[in-house]
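Written below as structure tokens is the structure these notes are about.
By letter and in written order, the chains are A, B, C and D; residue numbering begins at 1 in each of them.
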């Protein structure tokens, strides 16, 4: 039997890391002896465990290393990570370390350094002047960059669901329509107030159903009250919001009457034309052409917005970033300060944003279709709390809850 | 060319009957000449058209007869309907006339008589003493009953969607999530106030998601305010409502905390046991065991309810009618006076109710799944306005809208 | 510190019981010492662990007892279960033990006895002559029956997902449309062949979409080849199957042309009338009226079927059991010998069947709507492998796979 | 009463234009007299009708003009269209005529000219040298371009659903899961063979579920057999196809085992890296790195593909066009020769393609989610036949049907 020792640190009970490690050791044919378990006094304190692992062969030990690392296990006597210079622009060396969205540490010169800008599906580059390690998207590799290769000298620190989901510790990962909706929406409101009070930025990722279902007024109110600092959307949300402001319709349907306007199908294109003639959304606000709605509120309240182009865009609005990699990089920069993300009714932009977020940024994702939420979760954004409900009533209840909770108790 | 004359009467413009008749004549190879068109002055007045139809052969004429009858066309010189005595209990003669949910008239002794108790998928029996014609479910046939056979001497009067859907004239039949929800909900509230003010009964058909999503309090309020006179549901709605009243949970989840109770999965069964021990829902209310919730409100406010059994029922509650044909017949009796139907989150009971309703009873059907609404519509309940939204927020907004509209203008 | 010892036995690694127990002890503020772990040599051998549990107070110990029992922990020095006579018909004593679908043992006279007829949401009765313990639905309680009350002297043996799901050990519980469908269908075919070869009965629970989508011929072939021994369905499946056999249509749509028949909406009612006139399905087969289809095959091949009534039934067919509690009890009897269950496109009958099955009967549930599968899983049928796919292609591929696999390797 | 005469030409019965025109005249308070109706002998011949329209006021007449024009009515004595020079780049004059996807004619110099490149949500420009009228996307406007403004001198020729949907004349627009799937798939196969035999190009618009569900082999076979000439997709389809070719997995799941590969979540990124290192898909094929799959088949068989970028793309592959307007314009060019479009499992690319297609290009759109199909139809692509079914089985059945039908009768 070969013997090594691992250490587990952090929220190893809440994250079920301890149990998973022991079960996996046994399932892979190994044996264990628990040397030490020290549990944090309160739920949010860190715990600590040392476990002796025994395996029958070098291969068995290697498999155990890889598997247990995924639970955050730290092996005794680790090596430094291997750094290889990129041999070309725009691609990694073949055996590059591929990141997850979990907090990652790289060992260098015998010291563990936390990786900056944690994001899934990247490589890790050592930035020369500061010597920092940082996640790097593939298309930003430059020849000569020092890239972490292999699994050696890299470890993860798993976040417990609780820390990520905050007030949502109660939620299971299952997506279901049969939940007490208003209770959950009030928790969401509480988290938003908490994030705002903590000085964190709140990000809204939204689709055009916000306008179609008649929720613009609620979203506008959230912006005015200071609960949206960044907006990620596409051409469609902005276009239909502006259509609504100019014509009272969305996709040609009057929001306040639910009837189809006579040449309503032309409205969205005329709205785009108007903004293009004005030179952009901010210019249209300035000139008094655009007087209400979500985009108007964004301009008035300094909300930073990224309108990322898509191949189905009409127009598009001058503010749309038509190169998707440019748009993605702008989003990457903006998510760094974000403390809470609300995703509503857009698969495209939600998955795009989920790709950029570290696992510890809390996300609430709202869609009327359960399969949208399953897709998001399949793609690794496991910290997401999925809420299957309708867009307009969601924002209506959310705005009401914020009004009540914010005045009642400023810090919840 | 064989020539005959047809008459169209009623809402032939709103129902597009005129256009459909002309298009179908041409499509089937016939020719037409419009003899007379008299259009009602206002939208709701009846119109009238006489059209000469020419066909190339007797077969072509027969096909035209059948097709145009579906648009409500009345052929000149019709015969009396054929009546055949049933030759056995529980089944019709082979060529029985099969009803739709459209208003049907039977010609007898040269007079057109309106069929009573209009309902799809029935036969028509001549009730001997009064000489009335009445829809009859197959399992209620008695040997010797006089049953209408063949298509001769039967005509339909089509209802325009507008008359049936009232304030929903704007709605297309399409089921979509991307509609202005609150506007539609306010219209629904207006229709309910209108029906209540007209002295009609309001029927709620509901599933257990009403309780799971936390909407019981809103439904209770609707009952207290006099907007529900009849309730159709299954064991599950009543059980989880009572579970909620007794334990605060639904399917074991605390409604006000959204957390799972420790032995929560047992609650619904213990709730059933409690009611069975008490001898039924009304008895439990009387004894003070059941003090709140939807079923409690039904008992207190004299709402007539049918809890129809299903094969998946636990318990069931003593109030559940376990023979489905008995339950169906009880529902058949109760829908006769109903002026407005709200169906929420139950495919089974909604389709069951839709089967029993004439085409002119307005129905609003709410479900978070569009496919549920498509199913209902596929099964012939075409007067249904489908609303894809979430249950709790729907009832929350509906109750708010009723509060506002009812005080503002008692008759809308 | 209070100290007790627990034993875990069975598939404690595969079921993650060991890890869950240790994590829960720590999460509830307790401590543990692993006294012994003996792991089965092969995956399917049973394992064994003894763990010393320490708690700070009697209350903490009680909470631990309840929580760890849910993972199958057996506490040293257990008491006998408490038996209380029922004080009335049709209801349990207030503190009755409420069953799950996990294998349950009751301690009596110092001996552990396995509970028979394991089924969720029942009580447990001691059957006097044999002295056996057996699950008992609430409505079958007789005054004087000895009912297990409280939690003492009852323990569970958890089944690992693997044992239940057999060839589906690879499947996670997540319901997703984005899976390699044919691979999964071939596994399902393998399990069906395996069950058949093992002399177990196969149960098909099916909805009318089987006929609407054109899958009857495949299902008929499965019946003919001996892969369906029991069928649970409602009136609708049988009616549309017979409509298809008599008229070539389902809901009025020709299956082989996908066009609407001229008076197609009448066909299903005429089909029911025909069978009622004949005196039932078997009689119609005998008289040569019904010559093809699923129900014909059932009659010809001795498949036992339960057609459970529902409140939306037209007719119904004479074979339908209109009292749902009678139907449920007939199903309860028939599931006892079943070794594999295939549920397709029916929420009602699938959930009804899921309620009756012990956790170790493998179930594959197929539906085109993910939310249907989520509902089933929410209701405790956790052994179910959910497959989101379309009905006709599913049966087409399944029948092909069975043809190939069955001839290739009779025992897989 | 003001009197004018309109002419209806084309498939006025199949498109229900005649009936719609008459109903609308009456609904808007006008009167009519049918002067002449000449119906084509066969279904596909053109018909002709002249109708005298009477209105009470000039306003009523103007409303009638606008409404009846939407049914393709041609008014006697029309004017030439108004042409206005664009006053800036990238935007139309304010009152530009906004196109639909129906065949449009512009009157110029007393002659009706058919508009080229028909596409919805564009303007119409007169191209100076040839004097042709052509649809023009907003972002391609140059200052000085002559743009059609107002509605005068523009008429539509409506296509009957039949012509567009070919063999699908039977299909209603309703999206339902309860249809005979294989019958519909065989019709689709027939249309594809017909289009291929007519020398038309076939366009496949596909999402990554093609790979996830295991349908790549069927799609590859369609390409090899000459049934795909153009492919529109995103990065994801190509990436997972290449992941599958290199690793056997899609999203990390082995397609032939349905099990998760050990570090499977890294595969797609390593696949992208490999192609980026090789310099692109064609280069990877050339060097023998990429030996199978959909993209390999495209390269080998000269299928033109557009991989349009989206903001959620990892990598992306070097072949992805990251500027969405460039990608859209490339798609615009390629759809011009296309005679049949198959859209599968991608909302983004399907809607993008639907935007570019004239109403007479037949489209079959396949998705497992009905709401995706409703969205497409809400956005104006009304010629689309929606099929709710699963991806892998769809392609499996389609490929089988093509094999059978193509050998049996080359022209169907």
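Simple rule for what comes next: a residue touches a chain if its C-beta (ideal position, glycine included) is under 8 Å from a C-beta of that chain, and two chains touch if they have at least 3 such contacts.
None of the values given here were measured: they were computed from a predicted structure.
Participant: Which contact partners do chain C and chain D have in common?
Facilitator: A, B
Participant: Averaging each chain's C-alpha atoms to get its centre, pick out the one most distant from chain C.
Facilitator: In terms of C-alpha centroids, the chain at the greatest distance from chain C is D.
Participant: Looking at A-C and A-D, which one has the bigger number of contacting C-beta pairs?
Facilitator: A-D
Participant: Calculate how many whole Å lie between the centre of chain A and the centre of chain C, each centre taken as the average of the chain's C-alpha atoms.
Facilitator: Result: the chain centres lie 38 Å from each other.
Participant: If you average the CA atoms of chain A and of chain B, how many Å lie between those two points?
Facilitator: From the centre of chain A to the centre of chain B is 45 Å.
Participant: When the centre of a chain is set as the mean of its C-alpha atoms, what distance in Å lies between chain A and chain D?
Facilitator: Those two chain centres are 34 Å apart.
Participant: Indicate the residues of chain D shared as contacts by at least two other chains.
Facilitator: 177-178, 251, 369, 371, 378 - these are the residues of chain D that touch more than one other chain.
Participant: Quick check on the complex: what are the chain A residues that touch chain B?
Facilitator: 170-172, 177-184, 187, 208-209, 212-214, 250-251, 253-260, 368-369, 388-394, 396-397
Participant: Where on chain A is chain C touching in the complex?
Facilitator: Interface residues on chain A, with respect to chain C: 13-14, 16, 18-23, 26-27, 31, 34, 37, 39, 47, 174-178, 370-371, 374-375, 377-378.
Participant: If you look only at chain A, which of its residues touch chain D in the complex?
Facilitator: Interface residues on chain A, with respect to chain D: 66, 88, 90-92, 94, 96, 98, 100, 121, 137-139, 251, 262-263, 265-266, 268-270, 272-274, 276-277, 308-316, 322-328, 331, 347-349, 351-352, 355, 369, 371, 378-380.
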